[in-house]
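Chain lettering (A, B and C) follows the sequence in which the chains are written, and residue indices restart at 1 in each chain.
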Amino acid sequence: MRTARKLVSALALGTVALAAGCGGQSDPDDVALRMSVWTSNEDQLALFNTIADAYKATHPEITSITFESLPFAEYNTTLTTQIAGGNAPDLAWMGDLSADLIDAGALVPLTEPLKATADWGYDDLLPSATAEFSHDGNLYAYPFSNSPFALYVNTDLLDDAGQKLPAQPTWDDISSIGAAVHAKTGKGGFVINDFAYSSWNTLATVWTGFGASAWNADGTQCGFTSPEMTAAFEFIHRAAFVDESMPGPGITADFFAGDAAFAVAQVSRAGLLDGSFAYDVQPLPQGPAGTYSVIGQAGMGVLKSSDHTEAATGFLAFLTNPENAAKLAQYFPPPRTSLLSGDALAANNTKFSPEQLQAVVVDQIADAVTLPNHTSPAEIAQKAKTELDAMWNPDADVPAVLTSVCAAIDPLLAE
Amino acid sequence: MTHTRPSVREAPTGASRGRAAPRRSRTSRRTDALAGYLFVAPQVLGVLVFVIVPVGLAMWYSLNEWNVFTGDLDFVGGDNYTAALNDPQLPGVLGATALFSGGVVVFNIALGLALAVMLNRRFRGVALFRTLFFSPVVVSVVAWTLVWGFLLQDNGGVNGVLAMVGIDGPNWLQNGPTAMASVTFTQVVRSVGINMVLFLAALQGVPKELYEAARVDGASSRRIFTGITLPLISPTLLLTAIITIVGALQSFAQIAVLTGGGPGLSTTVLVFYVFQQTFGFNDIGYGSTLALMLLTFVMLLTVVQWQLRRKWVTYED
Amino acid sequence: MRTEHRTRRVLRRIALYVSLTVMALPFVVPTLWMVASSFKPLNEIFASPPSLFSASPTTAAYAEAFDFQPFARQYFNSVYIALVVTATVLLVSALAGYAFARIRFPGRNPLFITVLVGLLVPSEVTIVPLFQMFKLAGMVDTHWPLILVTAFAAPCVLATFVMRQFFIALPVELEEAARLDGLGRFGTWWRIAVPLAKPALSAVAILTFLASWNLYLEPTVYLTSPELFTLPQALTRFTDAYGGEMWNTQLAAATMTVVPVVVVFLVAQRQFVESLAHTGLKG
């Protein structure tokens, strides 16, 4: 009997001891700020910590500023679970979750406090950069990263296949060169990075060139049935199943491992180039609608649920002031006109020349469209993906599939 | 192996109870009852707190609309249930669920039984083969599924092997039927070892004399199997059927890692759909509604199987 | 006549070996392929035609696994959670299973059926309410939910069921003698019943350990801090900063989670199969 009781209490104590040290409550008088980010890059985190240390030096009430790295693939789910669980951070990076957060009134409006900050230079911000994170004239997240999509070229593979890229290539050029490279070398033609026949919103990097968009400007009407969208998807379908210039579904071809001739990917992916092959980077190819540019954006905002919204907003203003914005610009293409020049960006970029950066970053941002963004992003993404899956076999009826996409997401757009 | 009669054994307890009861006083019976309550208390309280109370809460959530970003809870009555009836995706999801669970149960039991019969004899290496067939059970579901995910890519290992023998394999995970076949197959291979061992144990409990007698009577192998073996192991069949079907209805990781429910809705089973609604779309009210539906299915199936046992389970008290 | 009979026997034996070997392939090859591929550089993993062995083997992925995540810590988490859960389940289920089999008390059958319900409720039904309950208790992003729910809900209920079936089958005479010697219920349970139940207990221990070791949904929901992750959850997090899968690192990590368990099983397989056979789970 005694032995058993000892065993029970030992077990209980053991679990307490082992599970302890997981929470850690801070003193209510101290301000401890947490910011959720999705980078786990040590250099980037080091930069954020340096800026945080500088801020703490002048603000003794702030005892700590922690940057919590959440995995990119599950960032939205994790952040939402934290918010629902009453464990929300004070500040957070956000991508396509921003629409939901703004819609739910979960973010602190930033326009006023930023304008009130001395020398912050609110008018320096590019309108094309702030549009996505604004609602009724108020900015809710600072668009710290505005990374244009560009065309990466594996020039070694092109040489192997005896192909030459024209000065201003069109999508048709890319497809025919890609098909030739595939036929000659067995490697992939062009890859839309991260698409993987699942994340269809990345196809905006193609369909924008055809003059199509996923929905209209205020997000109420589905755009998948438009003639432009149909043309775009017919092009993609042909590339995957007829010309074989784009690796088909279920085939892994990683441009950055040297497995494909072209990739459409954000400029910020340049870090994945390891020098194992010769490369070039160019603006996106021309589509039937001419030249165009697409950016992927990330913002940082302050959550209303924070106990220290004022302190958090103060830190955000410091983190994004002209001086610090210039430091962040070495990793993230900035939203400030004053910082956008090829030479300025090249100072910290070893992968691309100033001319390349001018062409693929600076010249693109002002007129760029963003990837499709809407409230309930996960549900729209899933509903449309379910329908689009029917597109990815050789004898798909492209217009019919697109009609079913609209039928599936129309109720969500109408909400 | 010890060998016990293949019947469920209330009998010994009942018999000795009858003998012992008169000797015991009323107080000793009362302290005995107290001991009984104390013994089962941790388990009963655990089930109350971690199962029964949450089920009650889930029923309450299913009557509400819940905004996770603001924490607001709105009572909406039966709206979520109406939504379920009108959900255009739900019929497809239920179809996939039936196909997957049915396939897993049928193949799991058939293969488990076949393996047990093949390995229920003495030959060199039988222990090794038992171990091989059982080994996936100890591999974590996620690791197992990740590896199969590789192997089933269009340019992956399975098609590579097929190509060597001149077969142009399909793009397994990209077509509805082959994707369903893939998740079913990987699930069966991973979990059949448990059923194999249970059947092995049951087969070893069949008295040898029965076989000998049947052989003396000139019965064929098939006749012996259906006439003697199957009836005698039918309680095990019932138990494995219940465990397997409950497990199949709860297979989440396999689907999440291997197909993500696609292509289309072809492998979106109810469990995965519930997870999507709840944690992907933050629709907790609707997710709870669907989860309760899943619970109803499991309960119904179990009750039906339990009733059917009278028909096909031969030795049962 | 005689030799013909013999040849037929030999042929049948060969056929048995061949068919068993072919059938074993899908059971064995994935694990072998995983181990082999974890030593390949990234560009060889998808090489066509596939090969089992690498042209230039490397252990870089193993180093990367520890570098990228607090993998050793996550390993420890999985081990200690599984051990705590297994110990708790052994205690709880041996007590409850014994009482449900042996002790007569009013309400025994309704209570037993209530407990069995715990086996049938899918975790998807209870996960959100449980999340809210643990949130109220301040236990979100701790290991408590993983320990408590596994130690008392479904896996424990299965264990209780197994133990009850075992004790029902156990001859009662030994206990009767002990009770006449003046041992109370608890003493009889601890001194007589539990030692006799070793085979059933070891089967329960193995099944419970595996259930906890393989838990995926719960850690995904409750845990957000990487240093608290368990292995199955950590395995899916080997993605680069942009969500791209780090295949070789993933395989190296998966190998490290699988191989020790398979080795333990290989060593203990005879005892395990026998202990399962001894439980009430058979016919």
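In this section, contacts are C-beta pairs under 8 Å (C-beta built on N, C-alpha and C of every residue); 3 or more make two chains touch, one makes a residue touch a chain.
This one's a predicted model, so the numbers in the text were calculated from it and none came from an experiment.
On a Cα centroid basis, the chain most remote from subunit C in this structure is A. Chains B-C form the pair with the most C-beta pairs in contact. Each chain gets one centre point, the mean of its Cα atoms, and the points for subunit A and subunit B are 40 Å apart. Inter-chain spacing, taken between the CA centroids of subunit B and subunit C, is 15 Å. Multi-chain contact residues, meaning those touching two or more other chains, occur in subunit C at positions 46, 91, 186, 221.
Shown for subunit B are the residues in touch with two or more other chains, namely 153, 155, 279.
In subunit A, the residues that touch at least two other chains are 81, 86, 252. Of all residues in subunit B, only 1-2, 4, 6-10, 12-13, 16-17, 20, 29, 31-37, 39-40, 42-58, 61, 115, 118, 123, 125, 127, 129-144, 146-148, 150-151, 153, 155-157, 160-161, 163-164, 185, 189, 193, 197-198, 200-202, 204-205, 232-236, 239, 243, 246, 249-250, 252-253, 257, 271, 274-275, 278-279, 284, 287-288, 291-292, 294-295, 298-299, 302, 315 touch subunit C in the complex they form. Those residues of subunit A whose C-beta lies close enough to touch subunit C in the complex are 1, 3-4, 7-8, 11, 14-15, 18-19, 22-23, 38-41, 69-74, 78, 81-82, 85-87, 194, 252, 254, 257-259, 269, 272.
Residue ranges of subunit C in contact with subunit A, taken from their complex: 42-43, 46, 68, 80, 84, 87-88, 91, 131, 135, 138, 140-144, 147, 186-187, 190, 221, 224-226, 228, 237, 239-244.
Those residues of subunit C lying in contact with subunit B across their complex are 13, 16-17, 19-20, 23-24, 26-31, 33-34, 37, 45-46, 48-50, 91-93, 95-96, 98-106, 108, 111, 114-115, 117-130, 132-133, 148-149, 151-153, 156-158, 160, 165, 168-169, 171-173, 176, 184-186, 189, 210, 213-214, 216-217, 221, 231-233, 235-236, 247, 250-251, 254, 257-258, 261-262, 265-266, 269-270, 273-274, 276-279, 281-283. If you check the complex, the residues on subunit B that touch subunit A are 67-71, 88-89, 153-155, 171-175, 260, 262-265, 268, 276, 279-283.
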